[in-house]
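Same chain, two partners: subunit A is paired with subunit B first, then with subunit C.
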Partner chain A sequence: MTTTAPAPPQQTPVDWVRKNLFKNWWSGLISVILVPLIGYMAYRSLRFFFVTGQWDAVRVNLKLFMKGTFPNMQIWRLIAQMMIFALAFGIGVGTNSAASQDRAEDAGLGYERGSILQTLARMWSLVAFISLLLFFATTDDVGNFINPFLVVGGALVMAAIGYQAHRFPRRIRNVGWLLTATFLVIGFQVVSGFDAGGWVPLAIIFGGVAYGAVPVERFDSAWLRFALRLIAIAVVVLIVQAVYRAVDSPGIGWDKWSGLHLTLMVSAIAIVLAFPLGLLLALARRSTLPALRIMATVYIEVIRGVPLITLLFMGQFILGFLLPGGTVLSAITRAIAVMTLFSAAYIAEIVRGGLQALDKGQNEAGQALGMAPPPIMRRIILPQALTAVIPAMVGQFISLFKDSSLLSIIAILEFLGVRKIIHAQADFRSVAFAETLIFVAIGYWAFAFAMSRESQRLERRLRVTR
Partner chain B sequence: MTTETQEPQRREVARPPFYRDVRVIRVVGQILAVLAVVGIGFWLARNLISNMNRLGISTSFDFLFGPTNTAIPYNDEFNPRSPIWQMVRVGVKNTFLAAFFGIILASVMGLVVGISRLSENWLVARLATFYVEFFRNIPPLVIIIFFGAAVFTNGPFPIFSESWEINFPATDNNLLIINNDKWGIPGFTQIDDLLLFYIILGIGFVVGILAWRWRTRVFEQTGQPHHRVLWFIGIIVGFAIVAFFALGQPFHMSWPVISENRRRIDGGFIVNWGFMSVTIALGLYTASHIGEIIRGSILAVPYGQSEAANAVALSASQRYRYVVLPQAMRIALPPTLNQYLNLVKNTSLGTAVGYAELTALTKTSVGNGRPAFQSFIIVMGVYLVFSLTISLVLNFVNRRMQLVSR
Partner chain C sequence: MTTEHNPQIFSDATKAKGEAIIELTDVDKFFGDFQALADINMNVGLQEVIVVIGPSGSGKSTLIRCINRLEKHDRGRIVVDGIELSDDIKNIQEIRRETGMVFQSFNLFPHLTVIDNITLAPRQVRHESKKDAEDNAMALLERVGIPEQARKFPGQLSGGQQQRVAIARSLAMKPKVMLFDEPTSALDPEMIKEVLDVMIELAEGGMTMIVVTHEMGFARAVADRVVFMADGYIVEVGTPEHFFTNPQEERTKLFLSQIL
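Then we have the complex of A and B:
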């Protein structure tokens, strides 16, 4: 028998105002002062947004903000990248949702899959930003040779197609993750080119799969198992390498990227490259070997103690000198190297936090089972510690994303730096500074806000499953 | 029945072969790691030196004593012929000034925002949430450039497009002049060497701290009101006044005066637009982070404390002032100090608006041909000293807190 809760007493708007705005005399006083103040501010902002603002500076240069000086004839690469990333995103979300469903079923709980609309609603800031872009794009009178609505619509369709990965039977759940990783790499290389040297990321992914997938359990000899796994990895790596050598079509390297595209890519590349380094640093700092611990600690504290901009200057002026004479690295390569080394120190601290928060009993349980230290670390400690620090890692990604704006100081034309081109144009020489800055701020805000919301949600979910 | 304790058999423990002996592996592994790091470091250093020699760049720190050859914006006292280390000193001072005022702004604003987010007034809470979510998710550099390029200099918000003067009541002295891109406020003009004055002030500071501790002890033993803040400030002000007259008035007040063509401000202390951009932008940005810390700390104080305060009939403001906030501050202090550290490091973004802080000055001097490596090593060293000092304070505070909270 079910009982329904009594309906809450009807609350009239007057009640609501009395309770929330005029609870006592000083609350009322503040409300009375704030309402006209906020009204005036809102009036001035709306007036600026719709009447006085010279938004031409943004509207005319919309493409410049998005892709900067990326060659115009190669824009199809960016669009293909967007489509493939949307597909990978959809597969990832679908697989994740299906994996949650698996867990819920295992625990004997019901599970209700959220709809794509809910996902979009969660990321309302991004939706708003893209709508703003579309709004500007429709009023653009310089002519577009690609319909922006088609691009956005296509990306949505690709995401929806990818989301169907949740229909995969449970046996092949991991195929979803594999597809996500593969498409992320392919999407990246659609722009950077499938040249012969680009086989490494896919070889790592498929090599890892081969390592896990070879049926070696039936063999008793450890050496034989090891040899079989090695052979499997070697075969896969050779195949991947051969495919890349056969395709070998160069693309547009990151030296030619700019605009919002560069901003997003630089932060993603830096965090991906920084993660293994940060993990090693964290393990070294927690190590019982004093030499490793001291070196890791010094590195982490020095990097965390100086501002990123001084490191970037160091990178621009010095990094070339640190390598054998004649080595030339482009400005963006140097910046990515510095940002990687920089975020590795922060990631190390985050991972260390996760390791420290883990109960000592986990380690002892592993020892009681007779496991050696490396398997304990790999199979017991790290999976738990790394899961626990995912929200903090997203936070680090957000902060790296925001920090990538510093590249504009060292004359790299990322999202903020593109303004320099715009304000060098005859029409906008010394006007509309505020308009372009507000647009850039909205762009950064939309991405950072969506990601921070997502990380808060992850944090809540992790706390529940604890 | 007695059980005989059996003498454990002393068995020769066969040591594993050396390549599987943990003790050997540990030592060898560490030696290898150190060798690898030292080797890479040595290789990099050798490349650096050979490359610098090849290009004819000096590898010594002698350049510090060569002339600067550039003026520092908004600093008329700086002589362009004075050596580079003087320029570094000015840069450190400017970094410190921006950080100091930024920290004050961030703390006050953060406290207000943090408390407002928990307000029962819907409007106040919403406004504070909006503030936090807005500023926290925008790069500080964008905010700094916004203030620099759109608020204080050109753009649609020419707040200070014409000059205003605000007089000190009943005199002709200007308390504040707001001109195009700079503010003038009353300042001091130095006449004699101030070293002795600073020394006496330092002694006053130490005496003030001693008095603070004495008043705390009296309060703890007798329950008399301690008034330790008044004692502390009173002693320092007293020392300052005595030193001022004893040393024969080594400085005097100077009031800002606007020039005939209303372009220049003479006398007083001049606040330029770069300083204002950096300070206000970083203050607002960091306040959004501190606000979240304060809010979290207030929520972390057990609700029973508030109920207890209610039970002894404290008013809402007394409850905050005497029960909740002191405990919340203890939780909030370590992360807040971290935010202060971030703020200090972020002052280096003043480069983007031409504020003459350490990084910007160094960048200019490197652009004028000074060796980049040595220059930036000095800059990094200065920031590292700032950071390590704050870390030390943090550790000290953490220890104190742990003692207090048992």
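Then we have the complex of A and C:
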């Protein structure tokens, strides 16, 4: 290389303006009109944010936004929950990146394991939101609020500790996932309580592990394999049950939850419940049994034809008639049930789309190998179909998350509903509506945006292998 | 680790040549009103290699897809290794286990690594232990010449390599019969040979095979009989020798003149 290309002519600001704003007469005209307009609006917005806005309405009520009417004496539960979730998050991220690294190296691809800091940087919208909270919270003089820097700092430390799970040797990689799931359940139950009835989630998780872990392959008899698995599951379930019965420590039920905490929990619960239900509905809709197919189709089409808010109202007023007499469900339980049933119909359609889009040669290859339909579905069809619909699925989760704000209409004080309390306070009776709304909007956006970014990334990473 | 598996990798067939392992009697197949197979009568002996040729739409794929019930025949009898194909799902799966199939478009599972592609069915269907299944898979990859690709994903392999994985995947179920539906027609010319070589070795190892292909070199090298189909009928059957020197039917002559 001896010749060097002539250096590109330096672009001056004037050049930039000419090229981007005044390319020809009409773009010039538009610029002349728009630039001052946008400038003026930016000026007004900034002035509102930093000068005229009455952010006291947010600042003073920060704790209310976060936890709503959750009992003050029990705040330690929320903080403990945050720590445990942070730990679970760290373990999940660490395990996942180690697993990706294993896969990539096996396949002879390079892989750069990101640090936990990079993960946080990717979720900058959440980090920004938390910073915003801290900014407000540090000037909060409401008292008994544990230093928010300690809380957030503690959560970061927990996440960093959890992230060390990437050091687990490959042999026990799945332990990382098991720990993640276990801590998510425990974190949830730190608030909701470890009552005798709370054993179900962990029983499902450990039961599933037991099902997969029993070495039944060596036995030829299908009955024997089935029986061994059943026994393993039963043993595990009984152990979990016994532990819960021994602990039996009640917590704060979700009918007392509120604020952003309630919003996040309701969305997460509805997602966790709606996903398997939607999956089953999608499979039922493709079933060869007409009764099953028709029922699933009718359910899906009816639910999709009715607005969520209608269903939420119906849940409050009608669900009671459908249930056996005397059953009393809290408003939040009914709302969660409705959100789950509603989302399941949409998830079913998304999954069905993924199933339909899959090349039928995949099914045929499984059949030709002598595999029975259930393992073909489980091992060949679903993994591919679900991967293909990740963007649509996360989109559905994001709408569910945002739609949870409708609960404020049925008198549930979640993140948006908390405003009702605030604007009933003497200081903010009919002022600062915009300020509280903007704060809530930023909160929703921070979570929704982070979710959408993560889904894009997940999608990209899973595509690498095809 | 690998050698002890080798002798029986390509075939369980130990019985003598000539004994019928596949029998089709008066088989008809319709797609709606359209008759895709008409009056098919054909026997395939153990260790026999049959090459099926014919113009596009003549029913070649349909024929071999009926043998492992990817398509359901409407009339007649199909018997594979003594089991008659019926609606009984047990019978169907039994037959599919004994019948490997290789597709034109490979149909590998793109979300699984090569080795997982190969071990999936042995582990799910035959309940082999992970170790046994992987040892066997490695031995098979060795035989098809790509053991170093075991941990890659199908998308990272060339077409020829993918098709060889697909062959290994079928063989992992230790089938008695292998069905090939135009295994080389989706491949670039320079990769056709590597796949044909594997198939030739398979045939020489005594595997019973039905191969839909237009590779006349392959037919000449290993086919015991060539079957020419047109419009759903078997028009002519004979040795490769017969086909290339002395075809009887007008349609056969016309077809051969077009492809040779």
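Heads up, the rule we're going with is that the second predicted complex is superposed on the first by the 431 of 466 C-alpha atoms of A that agree within 3 Å, B and C clash if a C-alpha of one lies under 4 Å from a C-alpha of the other, contacts with A are read in each partner's own complex, and residues count from 1 in each chain.
One rule holds for everything that comes next: contacts are C-beta pairs under 8 Å (C-beta built on N, C-alpha and C of every residue); 3 or more make two chains touch, one makes a residue touch a chain.
Since we're looking at a predicted model, the values are computed, not measured.
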- Message: Under the stated touch criterion, which partner chain does A:Ile38 make contact with: subunit B (first), subunit C (second), both, or neither?
- Response: first
- Check whether A:Gly361 is in contact with subunit B, with subunit C, with both or with neither, and answer first, second, both or neither. second
- Looking at the overlay, what does A:Phe50 touch: subunit B (first), subunit C (second), both, or neither? neither
- Query: Can A:Gly370 be said to touch subunit B (first), subunit C (second), both, or neither?
  - Reply: second
- Query: Is A:Trp223 touching the first partner subunit B, the second partner subunit C, both, or neither of them?
  - Reply: neither
- Looking at the overlay, does A:Arg379 come into contact with subunit B only (first), subunit C only (second), both, or neither? second
- Go through the superposed model and pick first if A:Trp25 touches only subunit B, second if only subunit C, both, or neither. neither
- Item | Broader residue contact with subunit A after superposition on the shared chain, subunit B or subunit C | B
- Query: Taking the two structures together, which residues of subunit A meet both subunit B and subunit C?
  - Reply: none
- In their complex, what parts of subunit B are in touch with subunit A? 26, 29-31, 33-34, 37, 44, 47-48, 50-52, 54, 119-124, 127, 133-134, 136-143, 145-146, 149-150, 154-157, 345-346, 348-349, 351-352, 359, 363, 366, 372-373, 376, 379-380, 383-384, 386-388, 391
- Item | subunit A contact footprint on subunit C (complex, rising order) | 68-70, 93-94, 96-97, 99-101, 103, 105, 107-111, 113, 120-121, 123-125, 127-130, 151-156, 169-170, 173
- Touching subunit B in the complex: which residues of subunit A? 20-21, 23, 27, 30-31, 34-35, 38, 48, 52-54, 289-292, 295, 301-302, 304-311, 313-314, 317-318, 320-325, 398, 402-403, 405-406, 408-409, 416, 430, 432-435, 437-438, 440-441, 444-445, 448-449, 452
- Interface residues, subunit A side, partner subunit C - complex: 103, 106-108, 215-220, 225, 359, 361-362, 364-372, 375, 379-380, 383-384, 387, 465-466
